[in-house]
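Before any comments, here is the structure.
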Amino acid sequence: MEKTSAYASAFTMNSSEKQETVCIFGTGDFGRSLALKMLQCGYSIVFGSRNPQKSSLLPNGAEVLSYSEAARKSDIIIIAVHREHYGFLTELTEVLKGKILIDISNNLKINQYPESNAEYLAQLVPSAHVVKAFNTISAWALQSGTLDANRQVFICGNDSKAKQRVMDIVRTLGLTPLDKGSLMAANEIENYPLQLFPMWKLPFYLSAFLCVFFFFYCVIRDIIYPYVNGRKDSTFRLAISIPNRIFPIAALTLLALVYLPGVIAAILQLYRGTKYRRFPDWLDHWMLCRKQLGLAALGFASLHVLYTLVIPIRYYVRWTMKNRTITQATAKREDPFSTSTAWLNDSYIALGILGFFLFVLLGITSLPSVSNMVNWREFRFVQSKLGYLTLILCTAHTMVYGGRRFLSPSSLIWYLPSAYIIALIIPCIVLVIKFILILPCIDNTLTRIRQGWERNAKPTLNGERYLKQSSVHMDSEL
Amino acid sequence: MEKTSAYASAFTMNSSEKQETVCIFGTGDFGRSLALKMLQCGYSIVFGSRNPQKSSLLPNGAEVLSYSEAARKSDIIIIAVHREHYGFLTELTEVLKGKILIDISNNLKINQYPESNAEYLAQLVPSAHVVKAFNTISAWALQSGTLDANRQVFICGNDSKAKQRVMDIVRTLGLTPLDKGSLMAANEIENYPLQLFPMWKLPFYLSAFLCVFFFFYCVIRDIIYPYVNGRKDSTFRLAISIPNRIFPIAALTLLALVYLPGVIAAILQLYRGTKYRRFPDWLDHWMLCRKQLGLAALGFASLHVLYTLVIPIRYYVRWTMKNRTITQATAKREDPFSTSTAWLNDSYIALGILGFFLFVLLGITSLPSVSNMVNWREFRFVQSKLGYLTLILCTAHTMVYGGRRFLSPSSLIWYLPSAYIIALIIPCIVLVIKFILILPCIDNTLTRIRQGWERNAKPTLNGERYLKQSSVHMDSEL
Amino acid sequence: MEKTSAYASAFTMNSSEKQETVCIFGTGDFGRSLALKMLQCGYSIVFGSRNPQKSSLLPNGAEVLSYSEAARKSDIIIIAVHREHYGFLTELTEVLKGKILIDISNNLKINQYPESNAEYLAQLVPSAHVVKAFNTISAWALQSGTLDANRQVFICGNDSKAKQRVMDIVRTLGLTPLDKGSLMAANEIENYPLQLFPMWKLPFYLSAFLCVFFFFYCVIRDIIYPYVNGRKDSTFRLAISIPNRIFPIAALTLLALVYLPGVIAAILQLYRGTKYRRFPDWLDHWMLCRKQLGLAALGFASLHVLYTLVIPIRYYVRWTMKNRTITQATAKREDPFSTSTAWLNDSYIALGILGFFLFVLLGITSLPSVSNMVNWREFRFVQSKLGYLTLILCTAHTMVYGGRRFLSPSSLIWYLPSAYIIALIIPCIVLVIKFILILPCIDNTLTRIRQGWERNAKPTLNGERYLKQSSVHMDSEL
């Protein structure tokens, strides 16, 4: 390695005198995009193609050769070809010996083939070092500058030196490599871009269940009952009135379900007297999808707000009000003004607005780019403290909404209470337990437990301690 | 390079025993900010200044010398001086020989000078290696920690070793370098920070056109016609009623224009029987600004929502309702309740709310930090599937809004149909074609084409294949 | 360092043949999370623990030894133990000699101990090189992939080689190191994660002051006065009517306070005739929290919008309108329609909507991930140009709201003008001064000053020039 005087500083060690050459098999969309990006980041690129002469419109500066010629030019070969066409590689086994093959392929369906594409490649060319990488990056993202796209590149492979080489490339491209272990992880990595919002499954089914349940509940109370009782056709309520009963209930229930697992966890820790035992799986999973639960709740709350704000422009409402006025005018009768009704009504609305405002604030703070800017204490302040405040406001909103009718037996229809009464059950439970948990005596014990103190700590070695995968974060910071 | 035993691991190769020294000419805002950042990232900094003694308040740890003395200390020199003052560099040609000069300058106007600043610098000091970099980073962003700012640093230059050195520096500062090729690209790089929302041009002009066109259309129908016909002064409608006709129309039309190019592209691909031919430029450009079109549509939709929600607090509306009530009360006449009107009215409102809700969801998903978190399939699910659902809901909202009057000749005024009828044309066309395109027989062909199959594929070599710059992304993932 | 032929390229220099081993003391939450991440990024990990046999559920591939054995395996040791338990390290002084100790600890309170944890560690083990790092990264963020978390790692230490090593590790983990200087900075770094929205302090107190002041102001005018004058109980106004007076005032005042410092700065620069003098501290601080002031203003504006939109569903409003209608119907009297009232009312509403729309746009642009995507000119266009437009619209909204009553003496109550009149003072001042400042003659001088021109520039060396810490950004770009 000769050094010109102008370049002679210790720092030059990690810049390269000679550009590294990387070979890409396949001149399709992904091959070309990756090549462009790598050229921009200082690599030399040589393509391997079935028809080197045909591929005329490739990124400037890239060479195109036949597969075997191209392979000879570099010890790193990116296979930008669909798995279905890997066949030709078997003929190149000789040239590919000892080389690093990067498998970047994706499938169309989850677990489409018995073995992962990368493992299949490793079987085809056993003499090479296969590394899985880049499959989660889209050609589009690469071309448009990766700013707008996920920067994380999952990597796996059996040869750690080969993985290091690939990780260096990933870093040079401005992406973040993440080693997932041996080639056995390839299956998981290949399934990753085929997933459809896995964390949203529980919130989705829960929301669907809540909606369906309360839909039938409200249909019985608001449509079937009036029909049975008075032959009144209230089906038009299906469009707005009933959704506007379901949405706030779903919102409040989901919001309470966001804070319920925290409370359960605390009880569990108090009961066990240690934080060093894993939570049951269901609790763990529940805790992990609290963000999604919260956002689903926010969605319902927003719908509730919109449905409420359109009330005065509804034909039904206008008609009712007009007729009531006309009746009274005809009867020359004026209602007296009731200050207490005004109070109840105004405070129920005000509570709702403030609750919704905080709700949106929680939502904004959970935007990745915002939560990146705040430190842990600030995030917890918003999500935990303001979150509970939101829950309190929304619960109070619902209670005051009930107003004088709240818990009054006259509102029972076929022994069914108003739907909003049911919606209050979980939030109230959560708030009561939380209130008990923050009593100083209990809170102190809990804090000590979370700082590592164990009630039954024995100096023996047989105490099992489990690795808590998911819920590590609040212990030391609290 | 001597190694102390404590540092002797292979990894240390890319850490430096000796800090690299970088020289910065100019102690202005940018020079100082860059120096501070580089010091924080482990570089030694020496400033070159006209008056080394005068510059007293520089970042801690930086040395200030005269230009020539400073230049001698390092082989990388950052020229943090405005182009207008580059003159003094000609006197330093001897010292600058073989050094790397980094040009970071910006201009005040696009194409202010015949040649780019970097090329001008290269002419002034031909014996040095000029590299363009850093001009898109603001002094402010550097100081406040680059968190809140664009991390991408465009680089160009004729000497690839020099570029590699600069790219290493960029990476060390935690930024992402992007090689744009030879110094000829400097012009483009210098123009970049002077651009004003280039992708928004088409959506902006389109929106402006739609607004102006429908403004006059509505003025004719709603203000001139009543005046001509009944001398009625309805000019006050200009403030709310007419905007609230224009905005939903603009929103719906723009939303349809977001999905129209996709449909045209599909037809084109079916017609050509291959994906390996470039789309016409206008289609390409259109596809690239769909995001902006969609966001503009969302903007109009939001305005429509706000304008609609204030309806009941408008004086005009209150007055009308009050008077209608009084008239009826005086006449002792009550309107009968019409369930079908209630149904129409409620479902039109409900459709609007749901459409708007999904609309906002699309908008949230297009926030860079959110789209970074989802994989390609999820992004497509939201943007394409939910996007079409939004279009369907919004179109239905508009149709039901028409209600019984829809397509009735009685609503013609001077042969002009209601504006909302015109707004329905493009959305309906898009939806009908899309519906045809997803019929299994057609869909299958399309999918095969997008996976690379060509209807007229000949094994000869004269088939031209074009590099599709912009629309690479959906082929393999579909 | 032997090289196999397949790996022999210049680029390999910065990839490692042998994985670097890092030692972690403490098998708690943070130690385990960091180990997992480092393993994924290609490091070998050896844990030091009090009970090596007990710690069974650690990340795959990590070794667990006693403290002294583990320390011997690596020259970098991460101390993942709470400060309270650092005691045991004194016994290891011999083994730790010359090693790099990374202190990652946090405290529970700001300035909990007289000296920072890192300095305390350095006193305990004086023979080692202590580097502070990683304390702002949470175990949770490390595990869940750092995507959703702050990537910035503050580093400080007295040995620059040691710092370089740590910075290399940080970069390898995909995080961004930021050197804060010597170990004396450790205190600041340790306090950082304990801060609670420091930039929000001024906006918060200001908002609180505005709210409280205008609360009492409105209570006097709207509740006490009617009570004293007519024994009318209007306390129910506390829930909605009065907040809906306070919020728009707070919003408008805060918005004006966002643009006031810019105007003051311009006057100061004009007066001084140079930009090379530091602004007074209060102005600097004010400028730095304009974003937070603006967001607080947006918060109040949103609340105002919600409070306004619910007006028609309030009991009080419905009751008032109904009764007024009944009275008129009984009296068989119809109000004539006033076009000018319709104009005033509609334009006041329309101005409010448009102002709010731009307000929200400003808010969206200030989301970190959005402001990252725009260049400096675009950001300034939105924040400065559209920002002033917002201020103009909101001010006009407030003025037209006053309508015919505006500045009429009849609206004085106990000599107190309506609250909204007071709210107009600061905005009008800002707008008037800004209007004067953009007169060409003044604007030209200002622009020249901001490009470095000095009115009293003397070629002598005694002119002091100050380093403007905070407000560097607009000079050259303007």
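To keep things simple, chains are lettered A, B and C as they appear, and every chain counts its residues starting from 1.
In this section, a contact is a pair of C-beta atoms (placed from the backbone, for glycine too) under 8 Å apart; a residue touches a chain by one contact, two chains touch by 3 or more.
Nothing here was measured: the structure is a model prediction, and the numbers come from that model.
For the touching copies subunit B and subunit C, the fraction of interface residue numbers used by both falls below half; the interface is of the different-residue type.
Rotation angle for the C-alpha superposition of subunit A on subunit B: 120 degrees, rounded in steps of 5. Computed centre separation for the pair subunit B/subunit C is 24 angstrom, with centres defined by C-alpha atoms. Annotation for subunit B: residues 13-14, 16-17, 19, 147-148, 150-151, 171, 309, 312, 325-326, 329, 367-370, 372-373 touch two or more other chains. Residues 4-7, 9-17, 19, 28-30, 32-33, 39-42, 51, 53-60, 82, 106, 136, 138-141, 143, 145-151, 172, 174, 192-197, 233, 235-237, 239-241, 243, 299, 302-303, 306-307, 309-310, 312-316, 318-319, 322-323, 325-327, 329-330, 367-370, 372-373 of subunit C are the ones touching subunit A in the complex.
Across the complex, subunit B meets subunit A through its residues 1, 13-14, 16-21, 75, 98-100, 147-148, 150-152, 160-161, 163-165, 167-168, 171, 176-181, 305, 308-309, 311-312, 321, 324-326, 328-329, 332, 334-335, 337, 339, 341-343, 345-347, 349-350, 353, 356-357, 360, 367-378, 381, 452, 461, 463-469, 472-473, 475-477.
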